[in-house]
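Both complexes below contain chain A, partnered by chain B and then by chain C.
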Partner chain A sequence: MKGVGDLKKMINGHMLFCNAKNPFGSSSVRSLLGFMALAFAMLLGGSTDLLAAAVDAASGAVQGAADTVPSGISAPELIATDYPTVSGVNSRVTVWLVAQLHLWFAAFVLAVPIFVFIIEAIGMKTRDQRYDDMAYEFIKISITAYSLTAILGGLLLFSLIVFYPHLFSYLSEIFGESMFYYALAFFAESAALYLYYYGWHWLQGGFRKWLHLSIGLVLNAVGTTLMFLANGWVTFMMSPAGIDPGGVFSGDTWVAMHNYLWNPINLHRFIANIAYGGSIVGAYAAFRFLSAGRPEERAHYDWMGYNANFIAILALLPLPFAGYYLAAEIYAYSQQMGITLMGGIFAWLFIIQAVLIGTLFLSANYYLWCGMGRSDGAVRYNGYIKYLAIAIIGSFLVWFTPHTLVLTNEELKALGGPYHKYLGPLGIMPAKNTAVNIMILFTALSFLFYRRSNRIATVTWVNAGNAAQLALYTTGIANLLFLGIYHGYFTNTVYKVAASIPQVMTTLIIIVVSITLDSLMYRGSREVAPLNWGRVPNRAQYALFLLAVAFTWLMGLMGYIRSGIRQHWHVTDVFRDASPDAYTPTLGYAANIVSIGTILFMVLVIFVFWLSQISSRRTDARGYWKGVQGG
Partner chain B sequence: MPKIPRLAQLVLVIGGIYAGFWLIFDLLLGQPIPASLMRMYMFFVVTGVLMVFTATEESTRQLVDPIRALVEEPGRRLMRNVVFFVVPGLAAVAVFLQMQPSDEAPLELRSIHPAPPSSAKIFGKRYDLMSLENPYRHLEKDDPEQFRELVTDGGEVYIRNCQYCHGDKLDGKGPYAQGLNPVPLNFQDIGTIAQLQESFLFWRIATGGPGLPKEATPWISSMPAWQEFLSEEQIWQVILYLYDYTGHQPRSWGHE
Partner chain C sequence: MKHFLKVTIFSLLMIGFFAGFSNYGIPEIKPAPPPVEEKLDLGAMTPEQFIILGEKLFNGKGTCTLCHNDVGGRAPLLERAGIIAGERLSDARYQGRATDAQEYLAESLLEPSAYVVAGFGKAGSGDAVSPMPSVTAGSIGLSEVEVSAVIAYLQDLAGVEVTVEIPTDVQTPVSDSDAPDAAPRVALVSADEVITKFSCVTCHKMSGEGGELGPDLSRIGATRDLAYLRRAILDPAAEIADGFPPIMPPTYAGEIYAGELELLVQYLASLR
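Let's look at the complex of A and B:
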């Protein structure tokens, strides 16, 4: 075990740059470090010596790169003492928490500009300034979170260099180029974000507004690119590409980046970030709603919370499909990983995951049901709530029923084996897929009722339209059940997995067609009672908080599982983890770490919310300033 | 007919659902819901019922008003004292009963499907389990007659060696099954071999309990390492038989 003294030596260069395994020896990494030193020196406003040294390092590295073309990159074989330690600090927990906190904030700050861009565009189209104001308030929250993301990103980088120098060196050798462009893209994102935010009130009206919207587009394009780059590094560790049978990497950056799980993760994270961002700004709106003193303020934040929840639900609906696609691809990539993920040691965390996903649906639906109380016209639909709840809770119970049960010996005897004859079949994916599709459909139905709550359709074909919607839902659900039961239990795995696609299509078609039909039916509709923004119970706001906390916890848990299925490998089957922490912790320990992370994140988020409030507060300092009479 | 108070409705609905579970699973189907699962079910049933009962302001008021009255109204002092004594008392009894010492073995979160290694040494050779396939599977289409013979041979191997634990109907109810904990796998169950690739079965059968991966200990499987008793050919044959008899298809990524 190395102590702090050894670490200092390493940092001084005695070991870090000169050790036999030479973690920072390659030309591309030297080049990267040179440029980083140059950037750092410029940032400090640097002394000329430091600047000159940095330029030398960078140019020397470029020269070195021209002289030697590496034929391949081998993963080093490490022993426990190759991992530096800092007294009193657990390397794994540090990197785990810092990476997770960075990811939570990154997901938030990447997501917010996506829907801010859309809301701004809606405001431009409808010329309703409320949308523009709301979009501005959303982006304002993300500004402080952006600095925290960057700070945590830096902390993660230093944690990796300090605690896992060989791993960082190996990844840098493969991804050095993309890391460099990542740093540049980060500058571009910052520039776009600050222009977008600070220029909001300046770039208003006509061409200026279009220019502002375009900056938003650039911001999103750069942000998404940044995420895709980082996803490439992460997925390479799970499903490395460009590795020859001897375990040597002989591809280029693109080959490494475009590995087996890259696109499934890209898709999943892109959608999940939007849902997550929606839930966090929803929590912000709830926070402001609960602390608001004036009715106008309550109305404003109620409206904001509703829109944030709408965004979160909209992105949440396709999320289980994206998650299933990712899990199926993990299974297809490696049976070992797939079984570890869902049938082996992580199976019980998946049950917690199922419970949390169900909680998201319950919170979102409850918020909609409570929100119907904004209009007296909703009384017509209150009677349907119990049926919606029966369908959603029933599907939820199927969704989290485990295949492997926790049984006492008595129960084992009573059942005659470890599986339940009738509940056991609900423990595998076909039942889960069917249940989640039904849950999604009924959530969409809750939304339809909500939309109708204050209006009455006036078109002549109202009855025919309602009958068509009923038929659509009935046949759609019958189709979901048929696909789930027949293909799930009476055909082979190929069809079992493939049946999830027509199930998804059925659900999406029902949602799109029924909402389109409803929009046509309610075109020119009559308002039966006004929609009173602000007239919503406080408990609905707690549902928004629950949505944000459940999302955060879920992401932490699933992030751990995604990373944990590599088990004792830094890079699956290529680079073995030989650190003292190269074991899978117990489920309880892992859940505790994720919970600590969630609490830390929530504390930081509340701090961000508070900061956004104090920026508009003024203290009357009468008598403090010379020559100023008024405050 | 007088209307049932909202609070009583809530209790009746929750009690009714619990009784319904008991009636259907314990009494009619003879397959009780394990307590661990029942607790999860009831937690979310209670949550769902509370959500419905508090979805509107009026309903919430009807639900909360009697509770508020009980706590706040001076005239209900006697009832309040009774409730404040009975409710914590019931909780104390429940805790006392739960903490009673028992000779029941502790619960285990046993993962039925251990994750296989990416490669394994079997019969003195190293097999890549990620790409390993049953060498006889193609005969199902290419030479159905020979395939049937292999299935029959596999059946013979099974009856001679495996049915003592896994049962002659492959349902995990062999003559020795009740003496084992955990009980042998039921291959008829849709959640077992139907979810697995043949390479997984080959690895599990060949290496048995002793070959289980160390990262998922403690393992208590009493399955022998069949590579000590059977040939490689016999193991592949018995795998054909398992799928043939149960009617399941092995997990694969290619269309038929």
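Let's look at the complex of A and C:
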């Protein structure tokens, strides 16, 4: 018989317990400095993002070290009473809602300049002023949202300092340097944004227009850098880097920033922000369309709504791939975390996600199909729409199918197990991957039909081109099905996962080749008739609203799971959450919080839209001002 | 204003639908609370309790079954690990330092890359690197004694001799939910005692006597094998007998000693 002592010899050096109680001596000093810096920032009325840097700078002074690279930072071991409470306020819900609202607005204000820059460039290239006007209107909406984003960022910082001072202190010790650069970048972004917006009509024509576009480029570069910095803090909490086996952080800021999930999140958020920004301005255009009295006004907002939807779809198409890449990297980082994500308590969340993404795809497609009514030539394609709808809905239903079913014991017995004989196999990832790829392909096809609807190709090889398109889609879909079925059901887990890559490549190749081929086919094509902008049913505008609402709600839901897979850890496996709210909330509870957040966000967005409208209104105040004649 | 109201109502309805579906359209699973740690008196623990502790750690805090299950195929099944362990030492691919089966099991837990079963390595590593997380750090964080208990359980599971000695001089924290009964009792030595202790006949009929809430066990050995009987006791919800309600308490796994379980199972199997 061998005892613990014998095994100890064997396992000596592996048992890694981090029981050393962190004295956390400087924490109170740092918290105090945090409060002081907050008050200072409030007095100045400046950005509260500056605050993080202020806290760091102040604590840096306390340390008396010019070198801001931290070393040997241990996570404190807390108990429930270490978390300050405010009577009648739930700490977690407060931080949750404020963080989520900040993220929604940040996503919006970071995304809008990206496509505004592209639209402005298109306007410069085509010399079509409508693009320039539309780009200006988009940025006008985001300018008000920008200050709201900063206010919410300040509130988030305030909530963190108040409710989670130890966590904030720990993170600022590690990320102090990057927080300082974040504050600098925020100033740079503000300067670039104000120049870009207020200089729009001043910097027009020739070199000035190039200068304006360049400012837009700087604005986007700085904005994206800001997001990447903040992503580093968030992903460190999920997949901490620079942690030694004893749980002590011994790296530098870059090591912490460049953690395992940083780039996957960067990519995912970058694409998702564009899709989200497109959906929000789409909702704005839809509301203005519904409220418009004059036909030319309806035409303008119809055109704006179409472009917003186009932006949203364009970013929506690669989004599932970015999401899959992120999930795969989570598995690669920690299989345990991956299983918690996809096969554990969060597994059912992906059925909700399927409903929401299905809603996004269906509403975006529905809007396109309604929009075909603008063209007199669309009648040629109307017959195909029902097939597109069947394929997209069918794919949605496969994605929606759960692997295990909710059954009573009687039902379980009648079914012979938790899996349905025929539908059960549709619940696993290979089936869902195949369905998503097909859904994306048919959405691209919808767009292709829309694009063709008002044009007649004049090249001599039209028939050959159409045959090639048909062959491309047919063989591509056959390949998707083969990869999904063969690798999904007749090989082991490794190949099941690996098969998703050729599936993605197949879909991307089909989309790129078919759009390129179509562009060549329709080069020099003639219009059936001028497009009737404004000739679109009101219900199409509700599809745009649905897109915005579903996107907002979905982002909130995925924010919950991104944070939730850390479970009872502030920083995975390093810094344990000992607060009374350390438990993982149920999906229903999370959905209710997300719903409240979505309603709050919608209220604030409506306020932003309203502000952007009243800025151009004037009230006749004849007789009010001394010495000014009315009329 | 009319459009504003219509759009607002439409948006609220959509949000309500998403919230409603999340609350009522899918099963409401309440995640387990974070583990709470407390001291365990190892000196008062019987070998059976130690194995049961290992089993609970295996299924609970250790999160072993997340991967070592027959559904996902992410990690090898461990039912025969105690038997295979000795064979592995002479395997050409074995890179470790263990000298016997017990050490091999310990090494598998602590240095899983010492031997990676073919097909279960990290992607791209050619089965040289194990994807298994550290069981002694982070969110799993098994203590030395807990690692030993898991090894004892794996040996017991495989039906080989349990060679791990139960520590008697170590006070170690284990998770609250994983701790067996604080007050140990003396292990029962006959199937009759076990049946009496756990009041099996309240619900089951044996030799013509007993309740009818559960299946008649008078000739159960004729139709069910040992594995089924063991599972039916430890995890009654795994398979509910036709025509009976799922009322058997799932708590026996936490109450019955390993030796008692074997006595009971062997006895039931003999009822033909």
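What we mean here is this: the second predicted complex is superposed on the first by the 561 of 631 C-alpha atoms of A that agree within 3 Å, B and C clash if a C-alpha of one lies under 4 Å from a C-alpha of the other, contacts with A are read in each partner's own complex, and residues count from 1 in each chain.
Just so it is clear, a contact is a pair of C-beta atoms (placed from the backbone, for glycine too) under 8 Å apart; a residue touches a chain by one contact, two chains touch by 3 or more.
Quick caveat: nothing in here was measured; it's all calculated off a predicted structure.
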Do chain B and chain C fit side by side on chain A after the overlay, or clash?
clash
For A:Gly358 in the superposed arrangement: first (chain B), second (chain C), both or neither?
first
Contacts for A:Ser595 in the overlay, against chain B (first) and chain C (second): which applies, first, second, both or neither?
second
Which superposed partner A:Gln335 touches (first chain B, second chain C, both, neither)
both
Check whether A:Arg526 is in contact with chain B, with chain C, with both or with neither, and answer first, second, both or neither.
neither
Report for A:Gly424: first if it touches chain B alone, second if chain C alone, otherwise both or neither.
first
Identify the partner contact of A:Ile345: answer first if only chain B is touched, second if only chain C is, both if each is, neither if none is.
both
Please work out whether A:Arg208 is in contact with chain B alone, chain C alone, both, or neither, and reply first, second, both or neither.
neither
Return first, second, both or neither, reflecting whether A:Gln567 touches chain B, chain C, both chains, or no partner chain.
both
Which of the two partners, first being chain B and second being chain C, lies in contact with A:Arg622: first, second, both, or neither?
neither
Once the two complexes are overlaid on A, one stretch of chain C runs into chain B. Is it 2-10, 74-82, 164-172 or 182-190?
74-82
Take the contacts of chain A with chain B and those with chain C, and give the residues found in both.
332, 334-336, 339-340, 343-345, 348, 355, 402, 406, 409, 412, 492-494, 567-568, 573, 583-584, 587
Would you mind writing out the residues of chain A in touch with chain C in their complex?
1-4, 6-8, 10-11, 14-18, 245, 247, 287, 290-291, 332, 334-336, 339-340, 343-345, 348, 351-352, 355-356, 402, 406, 409, 412-413, 492-494, 497, 542, 545-546, 549-550, 553, 557, 567-569, 572-574, 577, 582-588, 590-592, 594-595, 598-599, 602
Contact footprint of chain A on chain C as seen in their complex:
3-4, 7, 10-12, 14-16, 18-19, 21-23, 25-31, 33-34, 63, 66-67, 72-74, 98, 102-103, 106-107, 110-111, 119, 122-123, 131-134, 136-141, 143-145, 147-148, 151, 163-167, 170, 240, 242, 245-246
Mind listing the chain A positions that touch chain B in their complex?
332, 334-337, 339-340, 343-345, 347-348, 355, 358, 362, 365-366, 369-370, 372-373, 382, 385-386, 389-390, 392-393, 396-397, 400-412, 414-425, 427-428, 489, 491-494, 537, 539, 567-568, 573, 583-584, 587
What part of chain B is in contact with chain A in the complex they form?
25, 29, 31-37, 40-41, 44-45, 47-49, 51-52, 54-57, 60, 104-105, 107-118, 129-130, 172-173, 181-183, 186, 189-191, 194-197, 199-200, 215-216, 248-256
